[in-house]
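Notes to accompany the following structure.
Read from first to last, the chains carry the letters A, B, C and D; within each, the first residue is number 1.
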Amino acid sequence: MSDLASPRGPAGPRSVPPGGEAIDFVQLLTPDGARKRPAEYPLDVDADTLRGFYRDLVLLRRFDTEATALQRHGELGLWAPLLGQEAAQIGAGRALAPQDFAFPTFREHGLTWCRGVDPAQVLALFRGASLGGWDPAVHNLHLYSIVIGTQVLHAAGYAMGIQRDGHVGTGDPARDTAVLACFGDGATSQGDVNEAFVFASVFNLPVVFFCQNNQFAISEPNQRQSRIPLYRRASGFGFPGVRVDGNDVLAVYAVTRDALDRARRGEGPTFIEAYTYRMGAHTTSDDPSRYRPTGELEHWQQLDPIDRLVEYLLLTQTGDERYFAEIAAEADALGVRVREACRSIPNPLPESMFDHVHVEPHAQVDADRAWFRAYQSSFETAGGAA
Amino acid sequence: MSGPGDHQVADSIEPADVQTLTMARALNAGLRRAMESDPTVLVMGEDVGALGGVFRVTDGLAKDFGDERVIDTPLAESGIVGAAIGLAMRGYRPVCEIQFDGFIYPAFDQLVSQLAKMHYRTAGAVRVPVVVRVPYGGGIGAVEHHSESPEAYFAHTAGLRVVTCATPQDAHWMIQQAIASDDPVMFFEPKRRYWDKGSVDLRAASAPLDRARVVRSGERLTIAAYGPMVRTALDAATVAEHEGISIEVVDLRSLSPLDVPTLVASVERTRRLVVVHEAQTFLGMGAEIAARITEACFYQLEAPVLRVGGFHTPYPASRVEEDYLPDVDRVLEAADRVLAY
Amino acid sequence: MSDLASPRGPAGPRSVPPGGEAIDFVQLLTPDGARKRPAEYPLDVDADTLRGFYRDLVLLRRFDTEATALQRHGELGLWAPLLGQEAAQIGAGRALAPQDFAFPTFREHGLTWCRGVDPAQVLALFRGASLGGWDPAVHNLHLYSIVIGTQVLHAAGYAMGIQRDGHVGTGDPARDTAVLACFGDGATSQGDVNEAFVFASVFNLPVVFFCQNNQFAISEPNQRQSRIPLYRRASGFGFPGVRVDGNDVLAVYAVTRDALDRARRGEGPTFIEAYTYRMGAHTTSDDPSRYRPTGELEHWQQLDPIDRLVEYLLLTQTGDERYFAEIAAEADALGVRVREACRSIPNPLPESMFDHVHVEPHAQVDADRAWFRAYQSSFETAGGAA
Amino acid sequence: MSGPGDHQVADSIEPADVQTLTMARALNAGLRRAMESDPTVLVMGEDVGALGGVFRVTDGLAKDFGDERVIDTPLAESGIVGAAIGLAMRGYRPVCEIQFDGFIYPAFDQLVSQLAKMHYRTAGAVRVPVVVRVPYGGGIGAVEHHSESPEAYFAHTAGLRVVTCATPQDAHWMIQQAIASDDPVMFFEPKRRYWDKGSVDLRAASAPLDRARVVRSGERLTIAAYGPMVRTALDAATVAEHEGISIEVVDLRSLSPLDVPTLVASVERTRRLVVVHEAQTFLGMGAEIAARITEACFYQLEAPVLRVGGFHTPYPASRVEEDYLPDVDRVLEAADRVLAY
C-alpha cells in the first residue's frame, strides 16, 4: 500500500556517463557499433533502411552546422543547434506513419527533416522572417513551439480529436493514427506537460510523449527538474515509461515505433525518455562554458550517434568509404543549398503584419492597417516629392 | 457583408417561434442548436456533463449528445483550453466552460500565447475556432474568485474576440454566432443575469456578433454598458426619465472589436458619455472607450467621458459588494456630473 | 528499463467499495472497530488521546452540521460540508507539531478545529463578511484557498523557507518543522500541484502532501482525474506515496505523523492519499442527486468514521454511554455557540474594502477611497437634510 | 512622507560615488546591495545561478551568496511565483526572474489571484514582499514571445505595484526600492536598453518608487513614456527642437500607481499630451492616461490625448518589428497631429 519510490529502474543494458552512475536504457547499438537484441524490441532493418538512417543523420548534422554558421554570419537572428541529438530525432521521426501528427519543440530539426519541411521554411523563423514557416496540415507536423510545454497539451487535444474521428484501434494501418508530442527534460516541470499526462491517461489517448533528455535546460542540469529518471514520471500517471539510448538511432526507432503502434491500437499513451546530450550551446546566444562540467562534452563525444552507426555499417558491410563519401558530397551540396535558401528568404512586407490576426474582419485590426497604410504612403509621397 | 460568425447560423432556422426563457436556458438552447447543426461542435469543461454545469447551462447536453461530445474534463483549466486548441487543430469546434471568472487565470498562457496567436503564427494555415464561455461578474453573494470581471485582460490581447451578452435573446444567438465564427471567441456570460427572463426570437439574431446596439434612445447623454451592467444602465435611465433627463443606452455586446461607429453616432448627438462596468476602472474598458471617443468626438464632447467601474481593490467580501458594485445611484451620480459640465 | 505502470498497488489491508474493487490502504481500525497493527505504522495511544479523537470527531461533525443548517437559514452564503471526512482531517490535524505550518483547502474545518481557529472566524468567509478570517501566523495555519491547487505551491515555498531557516533535520523536536499541504483528489490534475511535486522532490522539501480523496471533484468521479490510485502519483516524482483509510482516524494520524517526522528529519516529501468519501453535497449550492450513483452513499455510511471509533471505545472500555452522552451535550452546546457566533459576526464597514490592498500608500486606492467617502457622505447629507 | 519602498534603502549608503554602468550592471549592483543589506533577500528563477541569467543581471550572485540565496528553480513559472509567495509568508523577500516577458503568462494565476490578493485576503495579516523582474519589450530581433509588453495586464490588477526603469540610475535604485517595499512589485526591465550605459549615483535614488519624473522640459506638448520608449521620446524631442518645437518628456516610472499629479502639472502647462508605449494601444497604459488626464484637464486640453503604441496584432516576426514598434517618426507624427488641433 505504500509506494516507496526507488531511484533506480529495473535492470537492463547500461552505459556509464561521467557521473559514474549506471544508466539503464534500451540499446540496440553500443557506442562501439555492436548490435544488441533486447527481446522486447525486436527490430529487423534492411540495408537500405540502415543506410537511410546514416544519410539522415549526416545530412541533418550538416543542416544544423550550416544553420549555426549562418547565424554567426548574421543571416539568422538565432539558432537552436541539435548537435548530438540527431539519433533521437531521426529515430522518432522515421517511426512515424504518414498519417501520424507530431508536435515539435523549437529544436526539432530532425523532425522537420523527416517530415519533408524545406530547410528554408525552418530557417524563416530563426531569421525573423516568419513566426512559423510551414503549413502544419501539409506535413502533419505542427509548428515549432517556443513557450515550453504548451504544445504537449495541444498534442493531447489533437489525440482527443483522433479518438472522436474513430481513427484509433480499427486495425486499419492507413487509418489508425497516433500523435507524437516532443519536449525536453526541462519541460517536464511545467504544469501544462503534467496536465497533458493527466488528460492522456484519463482519456487513454493515442499519444506518445517523446522527451529528449539532453541533460540541460539552458544551464540547469536535470537534477533541477527531477531527482529520479524522467521516464519514471509516467508511472505516477498510470502509463508506461521507457528510457532509450537517445544516441542510438535503431533503439529510438524501435522504441518509438512500438509506442506509436500501441497508441494506434488504442492502448493509450507511452512516455519515452531519449537519453542524449546537447553537444552544442543551448542556442547561439548561449555560453555553455559557464555551466558545462569539464570533461562532460568529451565523454559524450565518445557516444556520438553517427560514429556508432558508421562502425555498424562497416561491420555489417552495409556501407563503405565510397558510400560515406557519397553522403558527404550530398551533405556539402545540402550545405550550399541551405545557405542559398536562407539568404533568399524574402523579408515579409511590413503591411503583412496585419494579416491573419483573425479569420474574419476585426474593426480594430482593420483600422490599424488603414492607418499604417496611410502613414507609409505619407513617406512615399514625401519621398516622391523630395 | 455579414459580420463574423453569423454566416453559418442562418441555415438552421426553426419554425417561427418566440419563447420566454431565462438567460441560462437561452444559452442552453443555443448550444443545443449549434451541436445539432454541426457535429464538430463539442462542449468541454468541469462538471459540464451529468451535472450540466454549476449553472446548468449545459443541462441535458451530455444525455442527448453523449460523453464524446460533452466532455467532463480533469480539473485543469490550462488543460481544458490547451486540449481545445488541439481539438480545433483536428477540425473540431470546442466550446469550453470555465466554471467561474476567477478560475480562468490558470489558462491564461494557453489563451493569450496560444489560442490568440495560433492563426497568426501559422500565417493563416491553422484556424482555432474555440469558444471559451466564462460566467462573470459579481452581485451573487459569492465567496472570493466567483465575482470577477476579467474581460479587459482579453480585450487587450490581439487575436481574441471578446463578447458578452446582456439579454436572453442575445445569449441565445451570440453563443451560436461565436461557435460559428472561425476565430477564437471569449464569451462572457453575466452570471447574475442567468435567471433573468426575456423573450427569445428563435428565428433570428438581433445583430451581428461584433455590433453594439442602442437599447434605449435618449437625448442628453449616452451610457455605454455591457453584460450585467446593461440592466443597471437601463434602470438608471428610467429613473432619470422621471427627473426629466433623457438618457441613451448602448449595449456594447462586443468588447473586441469595439463598435466605435455606433458609439460615435450616439455621442455626436448626445455630446456626453458615461461608461459603466464592474471591472476595475483602472485600465478597464472605460479607459479605452474614453480615449477613443474623446479622440473621435473631441469637438463634440461637452464633458469628459466619465467612468463608473470597480474600485482599485480586489473584489471585496460579498457583504460589502453592493457598495463595491456600480449601481443605479452611482450611474446617476456620474450622469449628474457629466451633465454639470 | 521500462516502467509498466500496473493499476494495482502492493498487497495490504483491504476494503471493498461498491464497485467491488479491492482497495489497498493502511488501516488501524476496521469499520467494525477491530484494531489492526500494521508493522510499518506502530501506534500506541492512551485512553485520553482516543477519547480526544472521539470528541474531535463528534464536535467537528456537529460544527459542520450546524454550519450547513445556518446556510439553509440564510446566515451563510455558502457552506462546504466535510461530512464523512472528519477522521481524515482530525487524524492529520492532530499529527501536526505546534511549529508545523498547514495549508488548507476550503473544506478543511477539521484542520481549523485542530489549530484552534474560532468557529466564527471560519464562518466569516462563508457568510461573506471576510475573505479570510484569521491570522495565519497565530495558528500556523494559512487561510482557506479557493483557487484549486494554488496553496500547494505556497506550501512548497514555505518549506523552502523552513530549510533556509535551518529548521530541518537538527534533531531538536521543538525546532524541526514540517509543512502540511492539503488538497483534494480533483486538485491533483492542476499544473500547480504537479509543479509543487517537482519543487518538493528536487529540493527535498519538508512537506507532506495530504490529499483527501473524497471520490469527487464536484460531480466528477476520481476516474476523471486519474486512472490509477492517486497515491501512486508520488512515485513519478521520486518520493513515497501512501494510501490510508481516510475514515480511520488512527490510521490517518499514524501515517501523517510518520510522514511529518520524515519531513522534519530532512528526509523529504511524502504524498498521503486519505481514501474517504464526501457524504454531503459538494457545497450547499450543489445537488449530488444529479451524479451520485445509487447505493454508494449507503455503502459509505457503513464505513462511517465515528461509528467505528465508538465500537472501538466500547470494545476497549475506553468510552461508555455516559461518556458519549457527555460529548453529545458538549456538541449541543457547541451548536448553540456556533449559531450565536455566526449571527453576531459583524458586517464589514463598506469603507474597509479599501483597507489592505497594499501595505504602503497607493495613490489610486487612496483616490478611490476618498471618492467613496465623499460619495457616501453625500447620501448622509442628503438624508440629514430630508 | 516617504514613498513606498524607499524607507529602508537610505540606511545602506556606500561611500560617495558615481559610476558609469550599463543598465544590466546597474541592476546587478542593486541586487547585490539589497542582498548584502538584508539576508532575507533571495533571488530565484530559471538560470539565475551559474549562468547569471540569460541577460547576466544576476551574474556572480550565486558565487557570492550561494545557492541557498540564489536559486536555480525548475522550469516552471507558476512554480517560481507560487513558491516565492510561500517563501514570503515565511519571512523572505524573494526576487523572481521571469526569463522573458512572454513566459510570464503561465504564472498569471499566481500573480493576479494570489500575489496581488494575499495581503487583502488576510486583512493585512500577511505581507508578500515579492519582486517579479521581467525583461520586456521588443527591438532586439528575437523570436516570438521574447518581445512582449504585458505591463497593462498587471496595472489593471489591483494589489500589484507595477514599475519600470528607463535609465541605469533608476534601474539601480528602483530595484532596491522594489525589494525594500512590503508590497509585491512587478518590475519591468526594458531589455533592449540593458546594454545602454549611464551614470549611476551610488549615493542616492532620484525619486521615490511611485513618482513620475519630467526628464526634459518643454512648452508645446508633453510626451509621457516609460521603459524602452523614454529614450525614443527624448530622441523625438531632440529632433523636434531642431524644428523649433519644444517638447516636454515625462518618464512615468510607476504604472501602478500612476503619478497623475506630475502628468497633470505638465499638461496644464503644455495643454497637449501624447502617450507612447510598445504595448498594444487598445487598453494599453495610454488608454488609462488619456481617460484620466482628459477628465482632470478637460478645459486645459487643446487637443485629445493621442496614443502611439503597438498595433492590434500579436508581436510580428522580427524582420518587421521596426515597422511595428513606435519610433521617432511615429512619435513626431503624433506630435504634429496633436499640435494641429
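Some points to look at:
The rule is short, and it goes like this: a residue touches a chain if its C-beta (ideal position, glycine included) is under 8 Å from a C-beta of that chain, and two chains touch if they have at least 3 such contacts.
All values reported here derive from a predicted model rather than from experimental measurement.
Note on interfaces B-C and A-B: more C-beta pairs are in contact across A-B. Chain centres here are C-alpha means, and the one lying farthest from subunit D is C.
Our note on geometry: subunit B versus subunit D, Cα centroid distance of 32 Å, whole angstroms. If you average the Cα atoms of subunit A and of subunit D, the two centres end up 36 Å apart. Rounded to whole angstrom, the centroid-to-centroid distance between subunit A and subunit B, based on C-alpha atoms, equals 40 Å.
Counting partner chains per residue, subunit C shows two or more touched chains at residues 130-131, 147, 189-192, 195, 198, 202, 224-225, 357, 362, 364-365, 367. In subunit B, the residues that reach two or more other chains under the touch definition are 73-74, 76, 78-79, 102, 105-106, 109, 113, 117, 120-121, 144-145, 158-159, 256, 282, 311-314. Within the complex formed with subunit C, the residues of subunit A that make contact are 1-5, 7, 9-13, 24-26, 40, 188-192, 194-195, 198, 201-202, 204, 223-228, 231-243. Residues 77-78, 106, 125-131, 146-148, 186-187, 189-192, 217-220, 224-225, 285-287, 290-291, 347-350, 352-354, 357, 362, 364-365, 367-369, 372, 375, 378 of subunit A touch subunit D in their complex.
Of all residues in subunit C, only 130-132, 134-137, 142-143, 147, 150, 152-165, 191-192, 195-196, 198-199, 202, 355-365, 367 touch subunit D in the complex they form.
Those residues of subunit B whose C-beta lies close enough to touch subunit A in the complex are 1, 3-5, 42, 68-69, 71, 73-74, 76, 78-79, 81-92, 94, 106, 109-110, 113-114, 117, 119-127, 158-159, 161, 181-183, 210, 256-260. Those residues of subunit D that touch subunit A in the shared complex are 46-47, 49-52, 54, 72-76, 78-79, 102-103, 105-106, 141-145, 281-282, 311-314, 316-321, 323-324, 330, 333.
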